[in-house]
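Take this structure first; my questions come after.
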Amino acid sequence: MKAIVVGGSGYTGGELLRILARHPRVEKITTTSRTYEGEPVTKTHPNLEGVCEIMYEKYREGVDAELAFLALPHGQSMDYVPGLLENGVKVVDMSADYRLADENLYEKYYVKHRNPELLGKAVYGLPEINRGKIKKAELVANPGCYSSAAILSILPMKKYPGQVDKTKIVVDAKSGTSGAGAKPTHLLQHANVEGNMIPYKVTGHRHEPEINHILGEYIHGVRVSFTPQLVPIVRGILSCAHIFCDAQGLDLKAHYRKYYGGEKFVRVVETATVKDVAYSNYCNISVHQDPNETRVVVVSAIDNLIKGAAGQAVQNMNLMMGWDESTSVDDLPYNP
Amino acid sequence: MKAIVVGGSGYTGGELLRILARHPRVEKITTTSRTYEGEPVTKTHPNLEGVCEIMYEKYREGVDAELAFLALPHGQSMDYVPGLLENGVKVVDMSADYRLADENLYEKYYVKHRNPELLGKAVYGLPEINRGKIKKAELVANPGCYSSAAILSILPMKKYPGQVDKTKIVVDAKSGTSGAGAKPTHLLQHANVEGNMIPYKVTGHRHEPEINHILGEYIHGVRVSFTPQLVPIVRGILSCAHIFCDAQGLDLKAHYRKYYGGEKFVRVVETATVKDVAYSNYCNISVHQDPNETRVVVVSAIDNLIKGAAGQAVQNMNLMMGWDESTSVDDLPYNP
Amino acid sequence: MKAIVVGGSGYTGGELLRILARHPRVEKITTTSRTYEGEPVTKTHPNLEGVCEIMYEKYREGVDAELAFLALPHGQSMDYVPGLLENGVKVVDMSADYRLADENLYEKYYVKHRNPELLGKAVYGLPEINRGKIKKAELVANPGCYSSAAILSILPMKKYPGQVDKTKIVVDAKSGTSGAGAKPTHLLQHANVEGNMIPYKVTGHRHEPEINHILGEYIHGVRVSFTPQLVPIVRGILSCAHIFCDAQGLDLKAHYRKYYGGEKFVRVVETATVKDVAYSNYCNISVHQDPNETRVVVVSAIDNLIKGAAGQAVQNMNLMMGWDESTSVDDLPYNP
Amino acid sequence: MKAIVVGGSGYTGGELLRILARHPRVEKITTTSRTYEGEPVTKTHPNLEGVCEIMYEKYREGVDAELAFLALPHGQSMDYVPGLLENGVKVVDMSADYRLADENLYEKYYVKHRNPELLGKAVYGLPEINRGKIKKAELVANPGCYSSAAILSILPMKKYPGQVDKTKIVVDAKSGTSGAGAKPTHLLQHANVEGNMIPYKVTGHRHEPEINHILGEYIHGVRVSFTPQLVPIVRGILSCAHIFCDAQGLDLKAHYRKYYGGEKFVRVVETATVKDVAYSNYCNISVHQDPNETRVVVVSAIDNLIKGAAGQAVQNMNLMMGWDESTSVDDLPYNP
């Protein structure tokens, strides 16, 4: 099978190339970059030295691939998707362009959509909720990193619509700096981040409507308040969902264990930490019930570039192609 | 003036020695340690080489000091306080032993109190709320690090008792590893913390009752839910108070600026970060109003060992002695 | 094939378990620990949750395994090796007990050797120099982490015995904290290491005689001076070999490229950095010639727990068993 | 006294402002920046909020100051110095423009010099070697950060010209990222530096001729080989000078202690580490003699922005003005 990574020079593109280079079913990989056209991918991803030594190409219509990963900025993917689909190329889009089925919502947080008619065709690529649909999809919208962590942590509470205070869920999430992309900025300077913690878009982050839009299908009327922070690690998100809930008599930990019992990539553990998932496709979840306070805290941890981006994208490709879901994304995290 | 630091070998003790060594009104410092008796303080605090070269002594009744800092574990301070007070020595206690005026509450979260009659005599050492009482106090209970950050961030909301949902305030706080003390543990190993984020005591942390006990005097019936996390920095706390609040029409940023207008050590800024306060006695606060979501997020940042411990303790000493409150604790943070 | 990891609870043991759990030829793994007997390996290695869920056992004579990895402290392995070999179990020893063929040298730097007659039987497990011998070995002494990095960086200079000042080679090496083991100490506390660089055993480190002993077989009379430092990263060694050398007219970079041309795990690159090898079995090497100064600097980078320990051990096992050398140790490093 | 910081928006400029803001003899500070003209200094140095709230100005001839700090890139300072000196303004130049008395050497490593006649007038601003000259100087060339650490570590060996192999001294130095300046680059991205060690300019770094030029006045014919590396800390340099030396019978540690006995800012300690000097003007030095190897390793540690830049600059100003040398630069380092 042949795959293309459109926009391979960023961190997500690099992780896609790393995973695809080891994928036993992917025979040929091509990748594109405007900035690095004609240069080897090892120029931007020196970790691939001796392993994936293809060159960045210019994007051309009529790509020789069965499936395309679009690792492009929000607002750009939508210019590539219609042509690819017309040519029978399946698409996994890493941007937000097809995540929100509601055109108005998308335009409120992003830009004007140039092919809103495709919104209904796209499947939100979180296998734990949409596995069946993904298998049949031509166009998968890969979830945002924060959204993946937040949705997986709150979703099982759909069983208790009466007990949960749905409009007062707080998600306080912390991300490593790789989540902000490869472009150098003052904010992301080592000297600025090391020894620091930096809240940003404290209210109004774009993943908030995404979380609410997707969760709302399962928990009607849910309103999650989302606050992100930058912390001095490279990879990983730790997300705390604070859920006010009449949890008397409930064993929520057992419920979560059961809920995710069949999921290979979701592990319900005693305490979710970043290290136990970093560099892997796992999402670890821990459930902390506070009987006195009538609050439940659900902590979730993922690697923002793997379960939060490239790993999940390949997981989606595996499903779309009818392969074992974990092919080439079953690497283990490390200790220490 | 003569001061003693009882228990000088830990991180808080070391910071007290560093600050006192530069204090123009403190003529003599002595310090004690069981483990390091007879050794120079530079053995545990090599930063003081050439500057503070006293030796650790054994604690003896009848200390030659006007004021004692007790940098001891919870449950131990209470054995030193009565004797010191009887001998006319003022006390700033860094432990939790005198923070909670309610004996039962203390015993629920700590151990049996051995001189509960002194609880009523102790003043909670947060100058921004108790400056007048501290000036006259014989016994000051220095606040917990998380508590300092959380209380300062929520307190000004007392102006709006009707608008705030008092029982659903979430404080999600992140601390550097110096907050966990100098004793080596697996949790605090560099290899375990670096690249990691680790939630702990997700519900039921001891600073939760402290926060509620103190804040409750100003916001009747308040119930803060508190969750701490360990992050890979050495110094600093970033605390996010998520407050559901009918904030329509309110300019809360302006309110906070005015409220803390006269406070030297509280700065209301655009975005509070750890770096802008680390190594200083400042508490930076930023206020983020979310009109749509009817939520206010108040972020506060302190250095856990300075405004969260030793700096605030010296600030309290300055007040108790009638000196300028900022003497020797007016060091500036660094960039970068 | 059945393998046993004796002493599985440390960092090296954990990495062995992680790699073996994915090894297609290893059907059964057992592991031992005195401290954790009867507990699941996930207690010490939570990254293995759901993947390697065996229990720590007590070590018993007559192990049911074809090959044993000894991940034990120096001085302990030698008590296990004779019995294992007698029972026909091949051994890869991670300790220093069989690295030095010279009994006196071993005893000068370590302890009295209790079976020195086996020293001559052991093969030093650096495949790049001993591949043939390792294939036939019953007992492989896995190299020290610093030694692996240093030897690989200097070895190709054996071609120029006349030009190199053999007695004035300086190796200045920096290691992450996982190299110091899993036992909590003050030195390894996060608060002590973060933002710090700490030289230790500045002269006289035990890997110095190991480096000279092994290199001496190829560069007669070599005397490397070795200085290690602890830096605030978890994984990785960066080693700079400063070699005074009459390098006029030589293209040493080309020589190194050719020398390591057939080696899968040694990559000669423009600039060797830790990130380009971390979490992998690669050793990256860069060669920096200084014509004016008649000095060559050869930089090498490895992951101390993989090419410097567990990865190289499995590479050795693969050779000893007649399998493809890279089986299960061909994971790629990450970017970023 | 009035001082001006020309080029105040970088890291060195910011540290100068921080130190000067607390200097009891400096009554007025002005600062310039092309990029930030008209903006408050707190825009680039938020740590100064509430403490130093001046605005960046445009540079104008005829500055109202007795002393000017030039925190400008190499090659730019030389355009400001002649005019300032003509107007009777003393100058401390942070760039390399006046560090090398030899015009040809400067031009080999930098650019064409536009007022080489001033080279002879400049004093190299390392108080430990030039205190007397600095007191009388109009123009002080503030040393490079690496140079300060290296020179102070090797200088006392001038006592043993016969024993030291002067042409084979290796200085292997590691710096935090603040040393590379405030401008965002890919190299300095947090995600690129964290968990990494990166050698750069492995041979031929510009501080090598500076070290040799200055040291050469004291150790005739010295040739130091210098290699720098970037490590994931913000502040600090650790420099290892590997000196081949017939040290039999010498007590070099005692010699260093005596040599620096009168120096307030040089501390000879058991083991020099970054943490024990960071955020201070101290240089810690440790001496490690290896009798067998006939090598001495001298480790030195400084804060690159303080003793390596702004702190030393103010130390020089204090000398030039006839004040106590340590005024406003006597802050202590921290533990932890």
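Lettered A, B, C and D in written order, each chain numbered from 1.
One rule holds in what follows: contacts are C-beta pairs under 8 Å (C-beta built on N, C-alpha and C of every residue); 3 or more make two chains touch, one makes a residue touch a chain.
Source: prediction; values computed, not measured.
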Chain whose average C-alpha position is farthest from chain B's own: C
Recurring contact interface, reference A-C, options B-D, A-B or B-C [over half identical by residue number]: B-D
Chain centre separation (chain B, chain D; CA means) in Å: 36
Distance between the centres, which are taken as Cα means, of chain D and chain C, whole angstrom: 38
Centre distance in Å when chain A and chain D are each reduced to the mean of their C-alpha atoms: 46
Sites on chain C at which at least two other chains make contact: 11, 178, 182, 189, 191-192, 194-195, 232-235, 273, 275, 336
Chain B-touching residues of chain A, taken from the complex the two chains share: 165, 168, 170, 172, 174, 189, 191-192, 194-200, 202-204, 223, 225, 227, 229, 231-236, 238, 240, 242, 244, 271-275, 278, 286, 288-290, 293, 295, 297, 299, 301, 336
In the complex, chain D residues that touch chain A: 11, 176-178, 182, 184-186, 188-195, 232-234
Chain B to chain D touching residues, read off their complex: 11, 14-15, 18, 21-22, 44-51, 178, 182, 194-195, 234-235, 264, 267, 269, 273, 275-276, 279-280, 284, 331-336
